[in-house]
Every structure is written in structure tokens, then in C-alpha cells.
Amino acid sequence: MVGVFNKQHPDVKFINGAVAGGAGSAAKDLLQTRLQAKNPPDTFQAHAGKEIADYIAAGQLQDVSNLYDEFGLRSAFPPALLKLLTVDGKIYSVPADIHRANMVWANPAVLTAAGLDPKATYAKLSDWFTALDKVKASGKTALSIATTWTQVQLLENVLLSDLGSDKYIGLWTGSTDWKGSDVGAALADYSKLLTYTNTDRDNLDWPDATQQVIDGKAAFNVMGDWAVAAFVEQKKVAGTDYTYFPMPGTTGVFDFLADSFTLPVGAPHADGAKAWLQTVGSAEGQTAFNKAKGSIPARTDAKPADFSEYQQTAIKSFGQDTIVPSLAHGAAVPIAVLTAISDAVSKFGTGSSNAATFQTELAAAVALGASK
Amino acid sequence: MTAIPAPTAAAEVLKRRPGTAPTAVVPPGAKRFGVARTLRYLLLLFFLLAVLIPVYVLVVTSFKGPGDASPDRAWTWPQAWTVDNWRAAWTTLSPAILRTVQMVVPAAIISSFLGSMNGFVLSRWRFRGANLVFTLILFGMFIPYQAVMIPLLKIMLGMNIPNGIPSLILLHVIYGIPITTLIFRNYYESVPAELIEAARVDGAGMLRTYRSIVLPISIPSFVVVLIWQFTSAWNDFLFAVFFSSSQNGPVTIALNNFANGALLQNYGSSMAGALLASAPTLVVYIVLGRYFIGGLMSGSVKG
Amino acid sequence: MSVRHRKGLTHWGPPLLLISPSLILMGVFVYGLIGVNVATSLTDEHTSAQSTGQAPVTFVGVQNYNDLLRSPAFQHSLRNLLLYTAVFLISVLVLGFIWAWLLDKPVHGEGIFRSIYLFPMAVSFVASGVVWRWLLNSNQGTSASGLNRLFQMIGLGFLQNPWWNNPNWGIAAIALPAVWQLSGYVMALFLAGFRGIPDELREAGRIDGASEWKLYRHVIFPQLSPVALSAVIIIGHMSLKAFDLIMSISKPANYQTKVPAVDMYTLKGSYNFANAAAVGTILLVIVALLVVPYLVRTARAEKNR
């Protein structure tokens, strides 16, 4: 995308200040410090949605709604997305890409060996449990998973599957009761799913878990679509070496997260930043960015033919499915709530809390966000 | 009080009490000399190997190629020796290593001078409350830095000291004061009083005494303190993580990101990186080991 | 002599000058900041908005401490800390003592043994964490790696265990790298201690017909107790601050290895500055309980010198 930027705005120089590592935690630390010190970068990347709520509340981000009008973005992005981006009537970031977090990746060979149809899809979780049982019986890991955040991602998928998109959204807005029995049933399903996973999950990060599917050690892996990059890099062919489908029970729902760029208050080169945001939001910029990354553009006018097979299915889904915000990736709740949820998930995953406590802790975690 | 550390200490350990046969817990009548001694050697050897286990894994893995350097092949000899990992580690970490040197050297030098001044004053100047002052300074060495981290963040922001090496130098100097003061005070306590008094008789004031008499004889202690501060600042992670980033910070942060942050774990380079990051302190330890040990011993508050 | 009787500014000035920078720095950066930290912990500054002044901050007294100490999560952290400290401290004292005891008597290659036992101390926890992460991998059986694999290879397969991947005892596994790094230090302390015992004392004991064990119990151990106490204080306070090792081996999000120092880091990341400050103060109190009596005792001993 930098190439496109340089083409569109040849007079502005782009300096990449990326801080590698730690799944962004190192970058977040530095960002927090710089923003507190009133020494902000010109722009920074953050997940669109509630993740930037803290920055907004602290008065550290500029309202870019006017840029949306100026660059004609209101018509280019789907209305559901715009709604999720709007806070108190204002918009504070420009999404560069859209990832889908409710996908399952599978290894057909492992499935066949377990006596399953590799092309089968599962309408609900209970159907999937039968299949998972068969894989477990065949001696392989049924569902590979990694450290805490991937478990939170699995949890959100289960909630989405069992509760449906309206109630799922209600979990975060407060209209769904966390203490209800439907949530309890979903948590029971989550607990059951965990029994199919590898016991060393806390030792691993997501590439290790996805690798287990690639290597044929595990049958299924629930992961966002950045997993495609891992398959492609190892020259695996979709359909033969691996298959994918939406999380059982979530067909017709697109669980989104978006990498987006912001305009901090006091950005030293505000005009340059605005130019960058224009590129980020432009058709050309988004196409270039997403082709490389394996995600899809936020714009509805992207040409599917430019993208790979998986991306085309994603684009189609994004265009017609119900869009819901991801929990694990900062769209649905602010950081403090996500941290509290992660703590509860980690505790439950180690067997240190029972289902009832888990449910109470999750309810309390979400309530943290509401009391602000 | 602690005697002058370093060479004499090491020599002492080597000096043996003549005539005492090693009689450990051994049943009477058994071949005392042979059995006990063999047992001891075996134990020592066992512990030696145990301590070296992680080193073996580190070294061996750092020379392994991508497929070879995986956890299930941790104990095997490399299939094919490669220096690629070292090259990758060097490329990523050398800027951080340079920055760490830039941080550690000034910090060690400044904090040792401060410690020397404090140690001298506190060992020579007997006023009511001198002990209290010393204890108050010493307590600073024990506080968990978490107890001051939040306000420290705010104050550093407020003072506009740039994030990264400058902040860290300041912090290591400040929080190094207690331990350097302790080591120097212990040292000066052992300096013969006549030396100082002789200077005083000649009419020299305290400052003059310090500059012309005390400083020159402090060299052994300076060595100890410099080594200690060098190692402690080089290995620090807590301050680095709060006050710098992998871009402007020392090698501990860079290593942590390099080894633990990458998307696809490259174990070989991580191990090479760990060795690389530890190399300077290990070299100091090997070359100046006796002083290192001396520092350890004089750094502990003897009861 | 005229020098000795001189009083007034010239007598007090130079020492004060030499020591004042340190006094000021300590005053501000240790005691001042502790004060500010306590003050922050008594407010309700839990959000980012408050930290930049966008929302008001009010005094809430000890409510944060109440909440923290009552929360099961923090209690788990404290329990982990205690367990870690106990395992770390005991192991390091025992191992350090054994090594010192083994090396106290003449041995060939003593220098080599000593140097190798000691060198891990020169390495940072972050660097050692890189390899210990591997070694402490929790897989057992066929997918075992790390130490579990080693145990299998040398026929000690029954020693395999999940290491830190256990919510109740996992933190003890993290003590292993710490023991590896610091036993040498304790060894050095005990060696100095052994050396400090006058030969006459030992000879006198032997002449009196004391057995080796009695010698140790009544002569040597008492002589070593100051050294042991020193070691307990130093290692103890290092253990209470445990942060680097856990960040390097486990991850902040993991429930098994939660300790207060890591909690503080997580809280800060969530903008919960008041609670982070409270955790810091709690840690300070715990350390003070360990260290202050010792410092007071030392100071008194000095006065009587």
C-alpha cells in the first residue's frame, strides 16, 4: 500500500515506525506512552471498534467524519460497518482491511482417515461434536488451539453459533443477559469443545495450532482468515490440502475485525496523515493492501477478480451476510473488558473455575465496560 | 566487615587447611579417602552436567537449520551446522547491543562515582543519624520497582526525557545508588583510618582528601562496582519494558521481541540471539570473574 | 589539633556536598514516588479518560486494596508469589549450600566447578527464558520435548510432568530457571562463610571429640547463619519482584503463572492506574516485611560496633 500511497501523494514521505513482536503488545505499550506524553505519531494502526474507545475517551483521537465525507467513504463502506465504527455520531478511524474471525480450517486427509466426509459442513455445533468425536477416536487432535487469545476467539465463535447474531451483539451492548441460561448452554458447548483440543495449548501461539492442521496432526482449527497466509506460504492447495468453512452455526454471519488507521490529536504532520488516510480508504490502496495480506477490502466496490479464491468467498459473504464485531480482536469491547474476559477464559481453560464461576466472571467483565 | 574483595578472596578459597583429611559423613572403617572423595567428584560432576544442560541446548540449537531446530529435536546433534541463525540474530540485535553499550557505560560510571562519594562520606563522617541515612539509602535497593513505576512513568514524561536510552541511563544511575553506596562503604570501612587521618592532619579538607587520597586507592572497589552495575544494567528488563521499545531500547527488549514476538517461531535464531545478548556479560564474567565474585560477596549485607 | 576542632560550615559543607545529590535523588525517586504511588492507589483512576484529565479523579480511600485483596484472581497471584518464593528460596539455599560444602574441601579442578556453577548469574532472565521455555514444555509422552524428553531418553520417564502448565503448582516450575541462575550466588556466599570460620574453632571442636555431624550442627551452622540470613534476604526480595522470567517463559495472559508484578503490567495496559499502583504498594509492603527487620538489625549492630 505504501507504493500506492507514494503514487497518490508523491509529495508526502512515508516513514514506517512499526514495532515488531508480541502480537502488538509491544507496540501498544509504546503507543500508550507516546500518547500520554503528548508525543503522538502521525497515525497508528488499531483495530476498528471498541479497542480505540480508550483513546477516544482520553481525547487522544481526532474525529475524521469529515474525511469520510471528503473522500466519499460513506458510500463506499457497507452501512453495517459504518454503524459499528460510529461512536456518539462520530467516526475516529479508517479501516484498511477486513478479516473474518469465524472460520474453520480443516485437513481433508485427517478427516478421511477418521471416516468423515472431507466436504461435509455442519449446521450446528451438535453436529460438529459427532465429527469431532470420530477424529478423537482416530487418535488425532480433533481441534487444535493455542494460547489464551485464540481461546477467547473460540469462545466468541461458540457464542455466535449458539446465540445467533442479534443476541451476540446484545452481549456487548447489554441487551443480552450474561447470566441467562442460553449463555450458560453456550458456555457448556465451549467447555465441551475444549475437551477436543490439545493439552499444551497455553504453550503455543496461533501459527503452531494452525500448523498442526497443515501437518496433519489435527483435523480442525478455528482461526481468523489470516491463517490463509500460512497455508499459502507452505504451498498448500485449497480443496486438496485444506478446506475451510464458516464456524458451524454461523453461516450467513460475518464476524469481522478491521485493521484501521487513526488521526491522533496533535499529530505533527496532520496533512500528511490525512493523505495517508485517503490512500487507506481508496479503492486502489485497499486492493493493494489486501491482496498482499489475504484479507479483504472494507470497500464494497472492490473487484473480486483481483483476489484469491478464499478472498472472493469472503468478499461475497461480507457483502450479503450479517456483520458482527469480533470480541477477541477489539471490535466488540474495550481493552479493559477484553483483558478481564481473557483472564476468565485462561482460568477456565486451566480448570481452575467451574462453569458457573466462569459465567459470573464473564458477566462481571462485560459489566466493567458498561460502568464507564 | 568485609575485607577487600577480589583476588584475596579467591586466593583464600584456594588455600587449604593442611592435614585435614576430607572426612565427610562416612561410616567408620570404610576406605575413607577413596570412597568419600569419589562420591564427591561424582556429585560435582553430576551438578556440572545439570548446570550445563541449558547451555548445550542453546549452543546446539543455535547452529541448526529451520527444520532441525524444533523442540522435539532439542537433544540431537545438528544435522547440518549453519551460521545463518547467528547472522540473523546479529542483524536484528546488533543495533540494540550498541544501544545497550551506550546505556550501560555511562550509567555504570556515573553511579559508581556517586556510590564512591556516598560510601566515603558515610564511612568517615560520624554524625548522629549517619546510620539512619545509610539505611534509608539501602532500603532503596530492596524496593520492588513496581511500587514506583506508575508515578515514575508520569514524572519521566513530565521531565521530557526521551524514551529509550536517555531515560534508562538516568534510571539505572538513580536506582544504582543504593548498591554502589553499599559496596563502597564496605570497602572504605576496611581502608586504614591512618591513611585518611594523615591527609587531614596535612590540612586537606574532605573534598581534597577524597580526590587525591581516597579515589586512587579505590580502584579495586571501582572495578567491582563497575562490573556489578554493568551486568545489572545490561540484564535489566523491567525498566526497559516500561521506558523504551524494541526500536530505541536495550538488547533485553530486542531479544524478547525477537524470540517471543515473531509470528513464526525461529528457534535457532532465538537461541543464537540469546547467546549473543548474553555474550558481553559472559565475557566480563570470564575475564574478570574474580572481581565479579568479589562484588557478589561484598554486595551482600553481612549480618 | 585545629582541624579536629573546626566546626561550622566548612566542616559540614564538603560531606554534605558529596552526598546531597544522592540524598535528593533517593528522596525523590524512592520515597517521594512511593508517596505518590500510594496517593494514586487511593483514587479511582481506572480509565484512560481520567489519565489525561478528560474525566475527574476522586479519592476513594482503601477501596482499591479491598477490591484487589478480595478478588480471587489477585489472591491466586499472591498464592503463586508465595509458592514461587518458597520453592525458589529453599532450593537455592539447599543447592548453594551443597555446592559450597562440596567445594569447601580440596578438589581437583575446583576453580572450574565454581566458575561453571556461577556463570548463569551473568545471564539475563530474558535470555535464559528463551531456552527454558523449551525445556519446560509441558508435553509428555510421544510429543514430549524439553526436559520431559530428556527424562525419557535417560530412562527417568516417570519424572515427566506438565511443568508450568498447571494452575496450582505451575509457578514452582518457573522457579527452576531462577534456581539455575542464582544457586551459584548462594554458593559463593556460603563459600565465603565457610572460609570465614576460623580453623581453630574447627580444630577445637575436633579435639574435643565431636563427630563430624556435631561439628556442623554446633559450630559451623551457627557461624554460617549470618551468611544464610543474608542470602535469604537478597534472594527473597529478588523473588518477590519476579517479572522478567515469567514474561519470557510464560505470557502475561496465562492464569497458571500470574504473579502481582505481572498483574501490574497488565493493569497498566488497561489504563487501570489506580489498581496498578495498589498492586505496587502491596508488593512494597510484602518486601518491607521481609527486609526492614533485617535492615534495622544491621543498623543496630553497626551502632554497637
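Note that the chains take the letters A, B and C in the order they are written out, and that residue 1 is the start of every chain.
Rule of thumb we're sticking to: a contact is a pair of C-beta atoms (placed from the backbone, for glycine too) under 8 Å apart; a residue touches a chain by one contact, two chains touch by 3 or more.
Note that this is a predicted model, so its numbers are computed, not measured.
Shown here, the protein chains touch in all possible pairs.
Comparing chain C-alpha centroids with the centroid of the full set of protein C-alpha atoms picks out C as the closest. By C-beta contact pairs, the most connected chain pair is B-C. Note: centroid distance chain B to chain C, computed from Cα atoms, is 15 Å. Spacing of chain A relative to chain C, judged by their CA centroids, is 40 angstrom.
Note: centroid distance chain A to chain B, computed from Cα atoms, is 44 Å. The set of chain C residues that touch two or more partner chains comprises 137, 143.
The residues of chain B that reach two or more other chains are 153, 241, 256, 260, listed in rising order. Residue positions of chain A with contacts to 2 or more other chains are 29, 36. On the side of chain A, the complex with chain B involves touching residues 17, 19-23, 26-27, 29-30, 33-34, 36-37, 205, 207-208.
Those residues of chain C whose C-beta lies close enough to touch chain A in the complex are 46-49, 51-52, 54-55, 73, 76, 137-139, 143, 162, 165-168, 250-256, 266, 269-272.
Residues of chain B that touch chain C in their complex: 9, 12-14, 16-17, 20, 22-25, 40-41, 43-44, 47-48, 51-54, 57-58, 61, 70-72, 74-75, 114, 117-118, 120-122, 124-125, 131-140, 142-155, 174-175, 177-178, 181, 200-201, 203, 205-207, 210, 231, 234-238, 241, 252, 255-256, 259-260, 267, 270-271, 273-275, 277-278, 281-282, 284-286, 289, 292-293, 296-297, 300-303. Contacts from chain A toward chain C in the complex involve residues 25, 28-29, 32, 36, 54-55, 57-60, 147-149, 199-200, 202-203, 335-336, 339, 342-343, 346-347, 349-352, 372. Here chain C touches chain B in the complex through residues 1, 3-4, 10, 14-15, 17-19, 21-23, 25-26, 29-31, 33-34, 36-37, 40, 98-99, 102-103, 105-108, 110-111, 113-128, 130-135, 137, 143-146, 149-150, 153, 180, 185, 188-189, 191-192, 195, 199, 202, 212-213, 225-227, 229-231, 233-234, 237, 240-241, 243-244, 247-248, 260-261, 264-265, 268, 273, 276-277, 279-281, 283-284, 287-288, 291-292, 294-299, 301-303, going by the rule given at the top.
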